[in-house]
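Quick heads-up: structures coming right below.
Next come two complexes, and both contain chain A; in the first it sits with chain B, in the second with chain C.
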Partner chain A sequence: MIERKSLLLFLLFVALSISQGLLEAKELRKVSLEEVLSIGRLDDDTLFQWAGVAVDPQGNIYLSDAMDYSLKRFDSQGNLIKKAGGKGQGPGEFMAPRLLDCSENYLYATDQDFRGLKVFDRELNFVRNIMIKMLVSDLRILSDSEIAVTSLPMLEKPAVFIFDQEGKLVREIKYSDRDSPLMMDVVSFDFDQERNLYLAYNFQDRIEKWSKTGEKLWSINLLKVKKVKKKKVSSFVVPTELVFKDVAIDGEGNLFVLGGHFSQNRSCDVYVLNPEGKHLATFTLPDTSHCIYIDGKNCLYSRANQGITLKKFRMDYVYQ
Partner chain B sequence: MFLHVLKRLKTIAILLAVFVLLSSFLAVPVEAGSCETALFACWDDFGWMALSGAVFCAAGYIFCKKYIRG
Partner chain C sequence: MYKKKAKTGIFFFLLIMIHIPLMGLGWQGLYERFAESQADAESRLSSHSWLIFVMDFSILMCTPCLDSFLNFYHEVSRCPKKEVVWGVLVLDEHGKDNAEMKLLFRVAEKKVRGFAKANNIRCPILIDSSAVFRDIAGGGTAIILFDHRRNCVRKYNFPLQPGQKGEIIETLTY
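Then we have the complex of A and B:
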């Protein structure tokens, strides 16, 4: 009797091990998009030129609209609920609204020429400014007390800076020590749930993963781009072609990278990598976009009609 | 005396012509309305004397590259 029970337990253990192994071997092979929402049309004035997007856990969508200097809040069905902001340099006003991200309580916005962040509540009431003495080139809100930003690496060494809610620098992850040519170290970044950092260089064919303690885990050249075109402007040489435009991480830890001018479909191709940097799949957005955003339900948001339209897609994963 | 002034003026005119010619060669060879043109104009306005102005221009350039020049 005991032998029989032991045999059953052994078989159960073997079956579980095999099924676990099968699950681990499951690898994403294809991503297909299904459009589930579209906000803004060419013949209406809902959006003029949206720049930043953020989505809260309830599915409300927040957009910054560069052409009318505003923030706009839409419900999950795409109905405009509220508009805030306006042109100016006063509290809650914008000269060039850009990036957005949200925490559980607040919405954080950047203004291109403003050295800091503008904080709003979920109802788009202005709360306060956070002064951080640098122009923000990318932004991720990890929590209300961990605000991660990059600045253009011209005044500072290339790094991701993490500030608290008062604008005090908590820590920084330096991703380069060398003095690169102008703008070559500009990155888009995102963090996974374990706080590992992913970087996609805008003007270099380089994607990197860094640990939360600041160690480089891997670095890859995905598109095999050897040289980015440069042009002399005034007395300086600047890169003129973007390799990667934006990054986002889904709920499963896959990295999504929006390609730029070197992609087969310029500003439309999205490369999907696993957390080890292995290229799993590529899919193509129906229209060119400057950014990608993935919400908590693995829906992807991108631009259409040159910023007049926001598209929301449900992503279906095909595994091998 | 008159001839001397005339000679000076001629020299200045030649120098000016050379300067104009050189300036046109040094001009940024970019198409109208491009991000590079905007960056050139911005740097021209702010000048590289103020580094913060240069950063401000660079931020606009990157936005233009990402957003406008799909």
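Then we have the complex of A and C:
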């Protein structure tokens, strides 16, 4: 009887070990997209040229529209609920609305030539400006008291700056010491749940992971791009071909990087990397996009019809 | 069958013949009115200077790049002869097949509508899908001024040089 129980326990232990091993070996191999929502058609006046997107935990979608200088709020079914903003430099107005991100309470927006952020409540009522004295090139809201931004490296040092709600610099993660040519250190970035930082260089074939204490954990060249084209504009020489356009992290900690000019399908290919930087899969968006966004339910948002349409996709993962 | 059709035709012809004098026109009046409107149009055409904005589609995608154009447009639209302003949006057809061009045309149409509405632009903006004006736009925004007074056509590129704005407005309002 005791022998039989011991045998059963042993078998259970073996079974558990095998299943654990299988779980550990589970690795994402393929991502397929299923379109679940489309906002903005060619024959309506909903969106003209959306630039930034953010989604709150309830599934409401916020978009900035550069063509009509506005912010727009849609419910999870894609119905336009409210429009705010307008052209101008007054409170809550925009000259060129761009990036968006949201916290639990607020929506944060950038205006291209405005040195700071514009804060709105979830109903799109203007709340206040946060003056941070730099032009924002990328934005992530970690919480209402941790606002992460980058600026153009020609204006500021190449770093991710984290500000509090008053616009006071709390800390910075400097990602480059080199004296790089103009614009070459411009990055798109995102943070995972442990506050590790992921960077994709816009004009270099380089993707990096940095710890929250500011140590570089890894750096990879994904596309084997040696050189990007440059052009002389006035007295400056600037790169004109984007290697990577945007990054986003899903709920499982996978990194999604949108490729640019050098991808097989220009501005459509999305590379999926695990947290260790291993390239797991590549999938292709049906239309060119300037950005990607992943919400809390692992749905991916991208652009179509040159900014007239927002597409929402459910991502289905296929594991090995 | 043919007889019936002929009868209907005659009936409508007589109806029109009766109605022309009833409307107070008469044949002579009708001709005079037509001639007058032609003369009006010709006089308007010949006595005004005209201005055409030529804008590349890629510029339309960068709204801040259009600020100097918008400031200028709003100054021009305050001119009393603002009806002499037209806009042309140039699409680049290079490397695109028919279906792609058709889609691009619809995208451009919608963007122009949004842009015009948001910026209170009231002049007609036509879409140049054959890229007739491509070299004039030069990838940016340009103006063609048909200067009636000096009997010449001039081209300006944005951003305008100091003094050019005044020169154009003076030509239009002369």
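The working rule: the second predicted complex is superposed on the first by the 311 of 320 C-alpha atoms of A that agree within 3 Å, B and C clash if a C-alpha of one lies under 4 Å from a C-alpha of the other, contacts with A are read in each partner's own complex, and residues count from 1 in each chain.
Here is the rule we use: a residue touches a chain if its C-beta (ideal position, glycine included) is under 8 Å from a C-beta of that chain, and two chains touch if they have at least 3 such contacts.
Small disclaimer: the values here were computed from a predicted structure and weren't measured.
By the touch criterion stated above, A:N202 is placed in contact with chain B alone, chain C being left untouched.
Of the two partner chains, chain B and chain C are each touched by A:D113. When the shared chain is aligned, chain B comes close enough to touch A:R266, but chain C does not. Residue contacts after overlaying the shared chain place A:D68 against chain C, while chain B stays out of touching range. Contact with chain B, but none with chain C, is seen for A:V233 once the two complexes are overlaid on the shared chain. Once chain A of one complex is fitted onto chain A of the other, the partner contacts of A:T288 are limited to chain B, with no touch recorded for chain C.
Once the two complexes are laid over each other on the shared chain, residue contacts for A:I81 go to neither chain B nor chain C. In the superposition on chain A, A:D45 makes contact with chain C only, not with chain B.
In the superposition on chain A, no contact is made by A:L169 with either chain B or chain C. Looking at the superposition, the partner that touches the larger set of chain A residues, chain B or chain C, turns out to be B. Common to the chain B-facing and chain C-facing surfaces of chain A are residues 49, 96, 112-113, 306-307.
Within the complex, the chain C residues that touch chain A are 61, 63-64, 67, 103, 106-107, 110-111, 113-115, 117-119. Those residues of chain B that touch chain A in the shared complex are 28, 30, 35-36, 39-40, 43-44, 48, 51-52, 54-56, 58-63, 65-67, 70. Residues 49, 51, 96, 98, 112-113, 135, 137, 151-152, 154-155, 182-183, 186, 202, 231-236, 238, 240, 242, 245, 260, 266-267, 288-291, 306-307 of chain A are the ones that touch chain B when the two sit in their complex. The touching residues of chain A, when paired with chain C in their complex, are 42-43, 45, 48-49, 65-69, 87, 95-96, 112-113, 305-308.
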